[in-house]
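In what follows, structures are represented as C-alpha cells.
Look at the two complexes coming up: chain A is in both, with chain B in one and chain C in the other.
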Partner chain A sequence: MSLGLEWQKIKRTGVLWTFLGGGILAAVVPVINLAARSEMYLRLQDSPVDILFKGNWQLMALLNILLLVLGACVLYHIEYADNGQLKMCSLPIKESTLFFSKLGLMTGLCLVSLSLEALGMAFCLSHWFNLSQSLCLELLKYFAYAFLLLLPGGMLALILSAFCKNLWVSLGCGVIGVCAAILIPTDNFILNLFPFALPFQVLTLNTEQAVCYLLASLGEVAFMALMFLGLLKIRRTLA
Partner chain B sequence: MSFASLLDIELKKIRRSKIFMLLFVAVVILWLPAILNTNYSFETDAAIGIASEYNFLVQGFLALAWFMYPASMVVSTVLLKQLERTNKGMLKMLALPISSAKLCLTKFFILLLLAGLQLLLNFGVYYAGAALVSQRFAYNFLLPPLFVLKETGLLFLAAIPMLAFFWLLAVTIQTPIFSIGVGLASIVPSILMINTKYWLFYPMSYPFYLMTAEYCKLAANLGSAEMPLIPWLPIAIGITVSCLILACLRFGQAERNC
Partner chain C sequence: MYIIETKNLTKSYKDQVAVSNLNLHIPRGKVYGFLGPNGAGKSTTMKMFLGLTKPTNGSFAINGKKYPENRIEILKEVGSLIEAPAFYGNLTGEENLDILRKILGLPKTAVDEALELCGLTPYKKRLAKKYSLGMKQRLGLAGALLGKPPILILDEPTNGLDPLGIHEIRTLIRSLPQQFDCTVLVSSHLLSEIELMADYVGILNHGKLLFEGTLTELRQEARAEGYPTDNLEDTFLAMIAADNGQRGRGR
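Here is the complex of A and B:
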C-alpha cells in the first residue's frame, strides 16, 4: 500500500520523467561515442561488452549517481515542502516504512533507467559488433553488477535527504559526495568503498575484487539501513 | 528602492541558509586528495614540462572548474529559487512596487556573489593546502598571491555566461527536478565539448576550457589550447545578455498566471 502511495505522490513531480530522461541520456553516451570513434574501439581485442563499459561507464555512472541524488532529494522534498512529513507521522505507519517505500520506489526507477542504458548498449553491440546470446547474457551480468553497486549510493542520498529539510542542503551534500567520489583514484580499493564511488566500478575479470565490492555493497546497504533506524530513534528522542 | 538596499534584503534572506558551509566543505573536499597524496610525482611534472607548484595549483583548479564549481552554482540557484517558494514569498515580492526585472537581476547578482565567495574560499584553502604539502615534501608549493588571484579572477569571469544560463533555467523551469536535472546534466558533457570546436557555444565548458588553456600555457610539452578573445568574447557576452533578458522577462510569470 505504502509503495503505491509513494508512486501516486510522484505523479506531478517529474521524477519519473527525469529518470526516463536521465536513462536515455546515459544510453546515448555509448552510441555517440562509438559513432564518433568506432575505429578506435573496434581495434581493441577485449570482449565487446568490456570495451563498451571501459569506454563509457565513467560518464554513465556519473549520470546515474547524479540521477539518484536528485531523485532522492525530490522524493523527500515533497514531504517537507508543505508539511507532508507531519501528516505522514500522524498516520498509523512507521516513519521507517516511509523511508523504505521511497527506497523501493527509487530502486524501481533506477532499474528503469538502467534498462534503458542496457538497451543503448545492446544497440551498440548489434550495430558495431555481432550481438549473440552469450553477449546478451554478459551484458545482463554487467548491468546486474552495476545495479547492485548503485544501491548504497542511492541509500546514502536518501538518508541525507531524509534528514535535511531544505532541498538545497540535501542536494548540496549529495553533490559534494559525488564530487568527492570523482576525485578518488580508481585503483584505491578502500577509498572506492565510499557509497558514491562504488557505482564507478566496472565488473572485471578480477573476480575476487568484484566479489569483494559486491559484498561490501550489500554490507553497506544493511549497515546504512540499521544506521538510519538508529538515527530516526535519536531524532524522535531529541524532537 | 535602490539596488543596494535590494541586495541587502537578499543577503539577509540567505543568512541562515547554510550555503556558506556547503560552499566551504565543497572546496575543502576538493583539495583534500591533493593534500593527502603521499607520493607526489615530481618526475611526471618534469616529463610534461611544468613546475610542480604550478601543477599542484592547476590540477586543483581543473577539478574545480570541471564539476565542483558548476555543480555548487546549480545548488546556489536552487537556494535562490526555493527561498521564494516557501510561504509564497514570490507573490509577496511581486506585490511590491518594484520592477520584477530589477528583482531578478538582484538575485542574479547574489548568485555572482556566491560564486565569488566560493572562489575566494578556494583561494584560501589552496594556500592552506599548499603550505601543508610544502612542509611535507620540503619543496615550496606556494605561488605568488597575485598569480593565484589572476587565475581565480579569470575563472570567475569565464563562468559568468554559465551562471546566467543556470539562472535562466531556475527562473523558467518551474518543476525543481527538471531545472536541477538539466543544470547538472549540462555539466557532464563539458569534458567532451572542450575537444570539439563547438565549445564556443556551450557556456558550461568555458571555465574548464579556460583552465585547460592555462594548463597548456604553463606546461611546455602539453600542446596548445588557446582561448581566443575574438570570437569567444562576443559570443559569451551575447549568451549572458540574452539569458539575462529572457530570465528578466520570465521572472515571476508562473506566479502571475496562477
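Here is the complex of A and C:
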C-alpha cells in the first residue's frame, strides 16, 4: 500500500519522465557510439556484451547514478516543501516505512531506465553483432549486476535527501559524491566500495572480484538501512 | 473520564524548559481551549501528544493508551492540525486527502465528507500550492477531520483565515462534540476566541500550567486573586503579567 502512496505522491513532479528520459538518453549512448565507431568495436575479439559494456558503461553509469541522486532529491523535496512530512509523522505510519517505500519506488524507476538501456544494447547487438539467446542471457546478467551495484548509491542519495530539508544541500552532496566517484580509478577495489563509485564497475570475467563487489554492495545496503533506522531514532530524540 | 491526561509532562531543550511538569486533564466529549502567549509551550505539548517530539520527563495517556508504547494506536484515534498547514503542493486538495484516507484505511466517501465540512468542495480539483492561506488552513482542518476521529488536536486552526472563515471554523469546532462525539483540544493565544469555543480552558505560560477548569471557574479564581473579571481578555493578561512578575522576582 505504501508503495502505491509514494507513486501517488510523485504526480506532477516529473520524476517518472525524468527516469524515462534519462533511460532513453543512456540507451542512446551505445547506439551512437557504435554508429560512429563501429569498425573499431567490431574488430575486438571479446564477447559482444563485454565490448558494449566496456565501451559505454562509464557514461551510462554516470547518467544512472545522477538520475538516482536527482530522483532521491525530488522524492524528499515534495515531503519538505509544504510540510507534507510533518503530516505523515502525525499519522499512524512509521517514518521508516515511508523511507523504504520511497526506496522501493526509486528501485522500480531505476529498473525502468535500466530496461530501456538494455533495449538500447539489445538493438546494438542485433544490428552490429548476431543477437542470440545466449547473448540475451549474458546481457541480462550484466544488467542485473549493474542494477545491484546501483542500489547502495541510490540508498545513500535517499538517506541524504531524507535528512537534508533543503533540496540544494542533498543535491549538492550527491553531485559532489558522484564527481568524487568519477575520479576514483576503477581498478582500486577498496576505493570503489564508495557507494557512488560501485555503479561504474562492470561484470568481468574475474568472477571472484565481481562476487566481492556484489557482496559489498549488499552489505552496504544492509548497513545503510540500519544506519538510517539509527539516525531516525536520534532525530526523534533531538526533536 | 479524562480522554487526555498528562503527568508531570516536561520538555526541555539545551538551555530552555519549554514545558514544565504539566498535569493536564482533558474531559471526554468537550472542547478544551489551550491558551497561552506565543512561546508558552502549547505547540510543544501538542507535538508531544502526536509523538513529533519526545518528552524529556513525565508521561501521558490518550484514550487510555500510554505513550510511547502505543504511539501508532494513539495516532489512529487522533486527527491533528499542527503549526503551518502541511500538504503536498503538487497534488490537488482531493488527492492530498486521498493519501491521508488510504493511510487511515477509510472509505472513499470520507474525503468528500471532509471537503464538504470545511467548505472546500468547489476547490477540490485545484492544486494545493495554489490555495490561499485560508484554504490551506481549511485543507489542514479537513485532513484532521478525515474519518471523524474521536480526538482532535488543533493548533491555532483559525490562523490565516478571514473574519468570515474564523466564524465558520469556530462554529464548526464548537459543533464537533455534538456532531461526531469527539473531544477537541484547540490552542490559541486569544482568550476571546477560546471563550467562544471552549468548555474548559488550560492557561499556559512559560511551560507552566497557571489554570485549568471551566470559564466560570476561571472567573471565580480571577476574582479571588483580585484580577479584573469584566473582560476575560483582561483576566488572561493580568494572570500572565502576574506570573511573569513572579518569575522576574524569582530571578
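Keep this in mind: the second predicted complex is superposed on the first by the 239 of 239 C-alpha atoms of A that agree within 3 Å, B and C clash if a C-alpha of one lies under 4 Å from a C-alpha of the other, contacts with A are read in each partner's own complex, and residues count from 1 in each chain.
FYI, a residue touches a chain if its C-beta (ideal position, glycine included) is under 8 Å from a C-beta of that chain, and two chains touch if they have at least 3 such contacts.
Computed from a predicted structure; not experimentally measured.
When both complexes are superposed on chain A, chain B and chain C fit side by side without a clash.
Look at A:D187: by the touch rule set out above, it reaches neither chain B nor chain C. In the superposed model, A:C89 lies in contact with chain C only, and not with chain B. In the superposed model, A:K11 lies in contact with chain C only, and not with chain B.
Contacts of A:E39 after superposition on the shared chain: neither chain B nor chain C is touched.
Touch criterion not met for A:E208: it reaches neither chain B nor chain C. The partner of chain A that touches more of its residues, comparing chain B with chain C, is B. With the two structures brought together on chain A, the opening angle seen from the C-alpha centre of chain A toward chain B and chain C is 90°, to the nearest 10.
In the superposition on chain A, contact is made by A:A239 with chain C only, not with chain B.
Superposing the two structures on chain A brings chain B to within 8 Å of chain C, judged by their nearest Cα atoms. On chain A, the patch touched by chain B and the patch touched by chain C overlap at residues 13, 81. For chain A in complex with chain C, the touching residues are 1, 4-5, 8-9, 11-13, 78, 81-94, 236-237, 239.
Of all the residues in chain B, the ones that touch chain A in their complex are 17-19, 22, 25-26, 29-30, 32-33, 63, 67-68, 71-72, 74-76, 78-79, 82, 85-86, 175-178, 180-181, 184-185, 188, 191. On the chain C side of its complex with chain A, the touching residues are 47, 50-54, 72-73, 75-76, 78, 80, 82-91, 95, 98-100, 102-104, 127-129, 143. Against chain B, in their complex, chain A makes its touches with residues 13-15, 17-18, 21-22, 25, 59, 62-63, 66-67, 70-71, 73-74, 77, 81, 166-169, 171-173, 175-176, 178-180, 182-185.
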